Amino acid sequence: MTRPAVIIWEALRNAFKREKATIIYPFEPGIKPEKGLRGAHILYIEKCTGCRACERACPPIAIEMVPSELTKTGKRPVINLGECIFCGLCEEACRYDALFLTDYIELSSFDLGGMIIYEKEPPKKKEPEGDAPKEDES
Amino acid sequence: MSKKKIKVASPQTGCSACMPNTMQIPLGPQHPALKEPTHFLLEVQGEVVVNATPRIGYVHRGIEKLAETKTYSQNLTLVERVCGICSHVHSVSLANAVETALGIEGFEVPKRAQYIRTIVLELERVHSHILWLGIAAHEIGFDTLFMLSWRDRELTMDILEEISGNRVNYAINEIGGTRRDLSQTQIDRMLKYMDITEERINRYKDICLKEDTIRMRTQGIGILLPSKARELCAVGPTARASNVKVDVRYDDPYSAYDDLRDIFTVVTYDTNDVFSRVVVRIIETIEAVKYIKWLLKNLPEGPVFAKPPRKVPEAHVLSRTEPPRGELIHYLWSNNTDKPYRLKITTPTLANIFSVAEMLRGDYIADTTISLASIDPCFSCEDRMITIVNNDRRKPKIETWSESQLRRYSKEWYANKGWKK
Amino acid sequence: MSKLKDEQEIVNALKSHFGDKILEAEVERVRRIHVKVADPDQLDVITFAKEKWNSWHMIAVSSVDKPDGTFAVVYHYDIRPPHGGQTAITMNLMVDCPDRNNPKITSITKVFIGAQYFEREAHDLMGIVFEGHPDLSRLILPEDFPEGVYPLRKDFLLEIQKAELEKKNK
Amino acid sequence: MVCKQRVEKVSAVWWILTILGILFFPGIGFCITFALIDEWIDRKFYAALQDRIGPLHTGFKGILQPLADFLKLLSNEDIEPEAADKWGMRITAIVALVIPLVALLFIPIIDTTGMISFEGDILLLAFLTTVIAIAIYLAGWFSANRLAMPGTMRAASQLLSYEIPILLTMFVVALRTQSLNLADIVGWQIDHNRPTLFSLPMVIFFGIFLLSTQAELERSPFDIPTAETEIVGGWEVEYSGKKLGFFRLSADLQLLYAAGMATTLFLGGPTGIELWIPSFAETLANTPGYHVWPILYYTTFFLIKSTLIIVILATMRALMARIRIEQFLEFSWKWLIPISLGLVIVTIFWVPWTDQVIWSHWEGLFPNPT
């Protein structure tokens, strides 16, 4: 037995429901799993040896090695999040536990340079580099 | 009406000279009903389509060529990007091919990894089919069903995000197993969510079977007879809706489908039209939920990853898998290095696009989009290579630009415009 | 090898029916058999398989630029097993095109209309001419793509490959 | 009646009041404002049916969103194709905006009579609705587009075949109330102490009217001429910028006009309490203050009733899939028109009799205070 407007009661129930399915995202927090997200990188420069394993593993060539005084081999990675595909291969390739993916996923920037993190040489100190990269303020 | 006999284009070529009393209407490359660019040139008489000529390749990105320059583990992430919706099945297919080649040397993938892969595959099928249901409802102007079905799809997406760390490109596969294991709390939550999903899909099945207007719009249009479906190599739900019993999960079991054979049913339906495809997809979703529950309950213990050797011995491997849309082929030639010699990918849409041209013939214009959507098209193919004819009049030449050249060009262009970097 | 009985039977049937025409025929692994024939014979093999085992499914057509500089076209054909078993067996039917400058092969579309788009794709990207194909116009590449440039051939290099080559030469 | 007093005093004050009335209240300004709010109600309720929130950020709960959309369209670039008839496109856009505005002046909103009211105005309104259909047809024709042509043809056939049930409904109400004047139709409902809706064939005609209205307004599920996923917007595919803004505003005004028409014909127009307590009308007229209280009272009831109609139309929008044009026309010619024609005959011959029977029951429910 077919008839038109089968969905009517469900639709009316929805209409007078208080909680709608929409999440007003930037104003309300979105649903996020507790752990395991792959977001922006965090680099512990004092553990990094500049072995280039992450550069070799990176499929979209988003990691570039630049000269540095802080590591053994004199190189350190610079990560371009604009080209990164967040696959996590670099995290796996790193044998010295220096590079991790954090769960910081709300990345945006108004210019191309804003997406490159760890571009400047960090100051020489023993504490690990700060938290996840800050959003560009321009 | 003129007495000239209307010459219908031969199915062999799919194109013909313009017929009398026809008007050509382009469908695509940009069209509100198409989520991805493709082009169909429709010849219509009044509201009736007499001929349709497809043209594809607007999203050709050169993945097959690019795959030859990357290592196998990098390629897994590359082939995931062939398609945004059925991404996992591509990486499973490639991983299967590589592992089969490694199997010559006695390499084996842990059972638990196979199960987790299959769970993700079926979750992907659930979310893809619900997504398709929403799109189909949108094409026939039933936006309420579209919104509600996509709301319920979020549950599946949340599960996938939780177990893999990403909503679209899961990157859960690795050659030799999976990267992540399932914890007991995750399994319990998945079982709970699957119950809700099953209830909702049964509700949609009810709606689709009982709603009059859906039947009016889907019955008797986009007809693909079984004989035609066989002749034109239709695959997947498109073929199964034409009552052709073909399903790679059953015919050529991979991953954990070998163990599923006892409870597996190949869903077919025999009205050969769009309605048949709707029914097949919905019932397949219910079946997929059943398989997920079975796999979760019978998940074997053990490791999820075995370290593979870096180099893959020389072999020609054909890996067949069944994405939500049809049949996916990865044909791999390895040559004893860590990079493939040749990787051939055939996506289900390429196999089905010929059937669409057949379906459209004789239908109304109003039905073209739902007929086209009924195969769940996914136009993802190859290279982003742009040809630019330079403006030098004395030496006109065609240049082929690669993506990085284009990027460099765009950066320079923006720099000239005074933009920041 | 009782496990591969069906596969062996198909190979034997093909060998006994075609004799010398089959250049190579072997069971690769479970549910995969490999057959190699010379140019026009693939039509006969496919027609034979179609009629004898009531098979109808052409899975895909691949084209390969082989390491020795010639091309090969591989037809992947789904054969329903002879004893009504439940799994399907895939035949990889390889055909060589020995002439690199003028690769030609007889089209399978006479037997299988459905293989038309697979062959057009191979023509577009690898430059193999399928004789007897009804319509070999461009399918994937744009219309203004330069003639005679085929992206999937090994002599077409991407930028990354060019850079690698330069490194090696240095 | 209030109106008649006003007509007798043709003076400078009367002229100024009339012109202000046409321009602001209850004329163009009020109608456009209320039409935009109507669109907001429509969108909000449609969203709620689909478990969404709908417009949210512009103004209170997004109430200014339709206005913002309209202003945005006004500021957009206006593209006119080479091959199109440019003046034709411009004029049809303006005509499409003007006609519903004119038609709205006939609807009784702040009084039991409209701004303009004469014997036989219902005929003029019937004519104006047809002109809208022709304007839409010409709009598609002038734009000279391949995708617009099927849309135009669909629009023409759909609008013309659903015009007939609407006209039949309008005339059956006129037959029932023995008048071709909207003011008299409202007056009849006050005199008989009930809306026209509460008599047997009228309920069915109310349904037919709403269905055909939905089809006339080209709203989902009957948005066949402008189906976005099929023919990319149909007849309005080539319209952009200001002209599209005009068409959108015209659609809102048509929605308000249709709601007003349904209110007037079936729900007793802007009247409320006096439908059951006839003496209330006199009390209202004798309240202190120059026409302020009656105007507020009538406007409020009109708003409530038309909003109800709009909510019904919005619900209708969410329930079904869009059906094909030929199925839809078949439905009109094979079912809707024969049924309404049959019911017209029923009304002519049988209603005076049944009316008495039914009304005798109603009388028991609402005792007459006089």
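As written, the chain order gives the labels A, B, C and D, with residue 1 at the start of each chain.
Note that in this section a residue touches a chain if its C-beta (ideal position, glycine included) is under 8 Å from a C-beta of that chain, and two chains touch if they have at least 3 such contacts.
This structure is a prediction, so every number in the text was calculated from the model and none was measured.
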item	value
Partner chains shared by subunit A and subunit B (touch criterion as defined above)	D
Connectivity without subunit B (remaining chains kept where they are): A, D | C
item	value
Which of B-C and A-D has more C-beta pairs touching across its chains	B-C
Chain whose mean Cα position lies farthest from subunit B	D
Inter-centroid spacing, subunit C versus subunit B (mean Cα positions, whole Å)	23
Centre-to-centre distance between subunit D and subunit C (centres being mean Cα positions), rounded to whole Å	66
CA centroid of subunit A to CA centroid of subunit C, Å	43
Cα-centroid distance, subunit A relative to subunit D, in whole angstrom	53
Residue numbers of subunit B (touch at least two other chains)	144-145, 148, 151, 211, 213
Interface hub residues of subunit D, defined as touching at least two other chains	49-52, 318-320
Multi-chain contact residues (two or more partners), subunit A	4-5, 7, 11, 14, 21
Chain pairs that touch, as defined at the top of this document	A-B, A-D, B-C, B-D
Residues of subunit A defined as touching subunit B within the complex	1-7, 10-11, 14, 21, 31, 33, 36-38, 57, 59, 85-89, 92, 111-113, 138
Subunit B - residues contacting subunit D, complex	23-26, 31-33, 44, 47, 137-145, 147-148, 151, 211, 213-214, 216-217, 364-369
Residues of subunit D defined as touching subunit A within the complex	45, 48-53, 56, 315, 318-320
Subunit A to subunit D touching residues, read off their complex	4-5, 7-8, 11-12, 14-17, 20-22, 24
Complex contact set, residues of subunit B against subunit A	70, 73-75, 77-78, 81, 144-145, 148, 151, 154, 158, 161-166, 169, 171, 179-180, 203, 206-207, 209-213, 215, 411, 414, 419-421
